[in-house]
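Quick heads-up: structures coming right below.
Next, two complexes with chain A in common: one pairs it with chain B, the other with chain C.
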Partner chain A sequence: MAAVKELQRDLENKANDLNKLQKDIAKNHQVRKKYTIQLGENELVLKELDLLNEEANVYKLIGPVLVKQDLAEANANVRKRIDYISAELKRLDATLQDLEEKQNSKKEAIFKLQQRIQALQAGKGKA
Partner chain B sequence: MAASSSRMEIEKLSLEQLRGLKEQADLEVNLFQDSLNNIRTATARLEIASSALHDLSLRPQGKKMLVPLTASLYVPGTLDDAEKVLVDVGTGYFIEKTMVEGKDYCERKIALLKSNYDQLLEVATKKKSIADEAGAVLQAKLKQLSPAH
Partner chain C sequence: METMGTVTPISSVFPAEEAQKASRRVQDTIAEREQQLDQLKGFINDNVSVINLVQKLPDETHHNIMVPFGKAAFFPGRLIHTNEFMVLLGEGYYAERTAKQTIDILKRRGKALETKVESLKAIMQDLEAEASFFDATAQESAEGLVEIREDYVGEASSGAETAGYGKSDSTSSLEVDARKAAVEDEEYTRIFSRIDELEKEEEEAEKANESDEDERKQNELDSTIREMSVHQEVRSSPVQAIDAAKAPEAPAVSKDGSSRRDCPPPKSSTMNKVLELPEEKKKVQAPPTTSNMAFTGSIIEHAHNIGMNMPEQQTGARSSKPVSRFKMQRK
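And now, the complex of A and B:
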C-alpha cells in the first residue's frame, strides 16, 4: 500500500517536471521566433546598405534623435548584429534539442511508473 | 494522383489520429490566414507611401503646405527640396535617397511582398485541402460507426 502511495507521489513529481519542461520549450520557441524576425529585418537593411554608393547619407534613429552615420560603420554594425543573432539562434537550437531529449525521457519514465502502479494495484485487487 | 494517394493514407488513420490531424491542420490554416492578412496590410501601406511619394514629386519647391507635428497638430510651412527623401529601411536606419530611388525602393518592397504572398498562398491552399480531406474522412468514419447500432 505504502509502495503505491510513494509511486504516485513520484508520478506527481515527474508530471510537474514534465510540465516545466514543456513551458521551457514553449518559451524557447517564442524567443527563437523573435530572433528570427530580427535576423530577417537586419538582413534586409544590409541589402539596402549594400546597394548604396559611397556618398549616400545614412542616419540612425537613436531615441528621438536622427544621427548621421558613416556608411562603413553602419554596415559593420548591421553585420555584427546579424552575427550576434545567428549565434544566439544556434545556442537556442542546442538548448531546444537538449530540452526535447529531457522531455522524451521524462515521458518514458512517467509511462513506466504508471505501468508499475497499475500492476501493483491489480495485484492488490486480486489479493 | 497525389490527392488520391494522400486520401488513402488518411483513411488508414484511426479516429483519434484523424481528429488530431484535423485539429493540427486547422490551426495551421488559421496561422497562414493571419500571415496572409498581415502581408496584405503591409502591401497596402507601402502602396499608399508610393502614391504619396509620387504626389510629392509633382509639387514645386516653395509650395505652401501643412506639416504634421502630432496626429492633431499641423503647422504651416513651405516645401523645400522634394528631390531628396529619407527612407526607413528597418532596425532604426534611415537612408537619404533621391525621389527616383525612393520610388524604386517602394516598388521593390511591394514586389517582394507580392511574391511572399503568392508563395504563402500556395502553401496555405495545400494545407487547407489536407484539413478538408481529414475532415471529410473523419465524417465518413463517424457515419460508418453510428448506423451500426
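And now, the complex of A and C:
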C-alpha cells in the first residue's frame, strides 16, 4: 500500500513538472511570436530607410518627443536591432528544443509510472 | 492457402470520435486564420483610404479642418504645410516626406500586406484540405471500412511462386505501374519457362498417345497464349496445361494449380473448360462479398481469377484489390 502511495506522489510531482514545462513552452511560443513580428517590422523599416535620400530628415520617437537622427545612424541602429532579434530567435529556438526534449522524457517517465501503478493495483486486485 | 495480409478496421486505428475531434480542431484554426485575414483586409482598406487622402491633401495650400482636442472636443483650424508628412516607418522611426514619397511608401506597404494575404490564403487552403481529410477519415471509420495490408512476396521458391501469382493478378488490376513492370517481366520469364515445360510434356504426351486431338490442342494452346495479354496468359496457361497434360501429367500440373485454386477435375475436355469459364466468372461476380461485408463502397470486382473454386481464395485475392484502392486514396 505504501509503495503505491509513494508512486502516486511521485506521479503527481512529475505531472506538475510536466505542466510547468508546457507552460514554459507556451511562453516561449508567445515571446517568439512577438520577436518574429518585430523582426518583420524592422526589416520593413530598413527597406524604407534604404530607399530614402541621403539628406532626408529621420526622427526617432523617444518617449513623447521626436529626436532628429542621422540617416546612417538610424540605418546602423536598425541593422543592429535586426541582428539582435535574429540572435534572440535562435536562442529561443534552442531553448524550445531543449524544453521539448525534457517534455518528452517527462511524458515517458509518467507513462512508465502509470503502468507500474496499474500493475501494482492489478496484482493487489488478484491477491 | 496461407493468409496474405492483415485486416485492420480503420475505426480501431482512427476512432470516429477522434477523427472528428481532429477535424474540429482544424476548423478552429481555420476560423482563427479567417479572423487574421479579415484584419489584414481591414488594414488594406485603411491603407487605400490613407493613400487617397494623401493624394488630395497637397492640392490646396491649406485646408479648413476641425482639430480634435482631447477626446470629445473639436475646434476649427487650418491645415497648412500640406506637402509635408511625417511618416512612421515602424519601430519609432519617422521620416519627413512629401506627399508623393509618402504615397510610394504606402503603396509598398500595401504590397507587403497583399503578399501576407496570399500566404494566409495558401495556409487556409492547406488547412481546409486537412479538415476534409479528417472528415473523410471520420466518415470511413464510422462506416466501418477496413484497411488491408499485404506484404509483397517475391518469387523465391515454388511455394512463394503461388503467392506471386495471386499477387500479380491483383497488382495488374491496380495501377501500381512501377511494381507492375517488374511483375510483368517476372511473369514473362515464368510464362516462357512454363511454355517450354508444357511443350515438353506435350511431346511426351503425344508420344504416349498420338492422336489428332492432342495436336489440335497443342496448336490451340500456342495460339491462345500468343494472343492473350500478359496476365491473361498467366491465368489461361495453367488451365490449358491441365487439359493438354491430361491424364499422364495431371499430378505434376495440379501441384501448380492446386496451390492457387482447388485442383480442377483434370479430365474435363478443353471445350468444356472453356464453356465453364464464363459461368464461373458470373459466380465470382454475383455474390456480394458476404464473407467480407466491410467493403461496402470501394470494391471493384474484377473477374480475373477464373479458375478459383475456393471461396476463401476468392476473397483473399479480391480483398487485395481494395487495399491498393485504399492506399491510393490515402495518397
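Quick note on the criterion: the second predicted complex is superposed on the first by the 127 of 127 C-alpha atoms of A that agree within 3 Å, B and C clash if a C-alpha of one lies under 4 Å from a C-alpha of the other, contacts with A are read in each partner's own complex, and residues count from 1 in each chain.
To be clear about the criterion, a residue touches a chain if its C-beta (ideal position, glycine included) is under 8 Å from a C-beta of that chain, and two chains touch if they have at least 3 such contacts.
Predicted, not measured: the structure shown is a model, and the values here were computed from it.
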TODO: Could you check whether chain B and chain C clash or fit when both are placed on chain A?
DONE: clash
Task: chain B versus chain C as contact partner of A:I25, first or second or both or neither - done: neither
Task: chain B versus chain C as contact partner of A:L96, first or second or both or neither - done: neither
Open item on the list: Just checking: does A:A109 make contact with chain B only, chain C only, both, or neither of them? Give me first, second, both or neither.
Closed with: neither
Task: Touching partner for A:V58 - first (chain B), second (chain C), both, neither - done: both
Open item on the list: For the superposed three-chain arrangement, which chain C stretch in 1-9, 73-81 or 145-153 runs into chain B?
Closed with: 73-81
Open item on the list: Need the overlap of the two footprints on chain A, from chain B and from chain C, as residue ranges.
Closed with: 38, 41-42, 44-45, 48-49, 52, 56-62, 66, 69, 74, 78, 81
Task: Partner chain A, residues of chain B touching it in the complex - done: 86, 89-97, 105
Open item on the list: Per the contact definition, I'd like the list of chain A residues that touch chain C in the complex.
Closed with: 38, 41-42, 44-45, 47-49, 51-52, 56-62, 66, 69, 74, 78, 81
Task: Residues of chain C that touch chain A when the two form their complex - done: 86, 89-97, 104-105, 108-109, 112
- [ ] Quick one: which bits of chain A touch chain B in the complex? Just the residue numbers, please.
- [x] 38, 41-42, 44-45, 48-49, 52, 56-62, 66, 69, 74, 78, 81
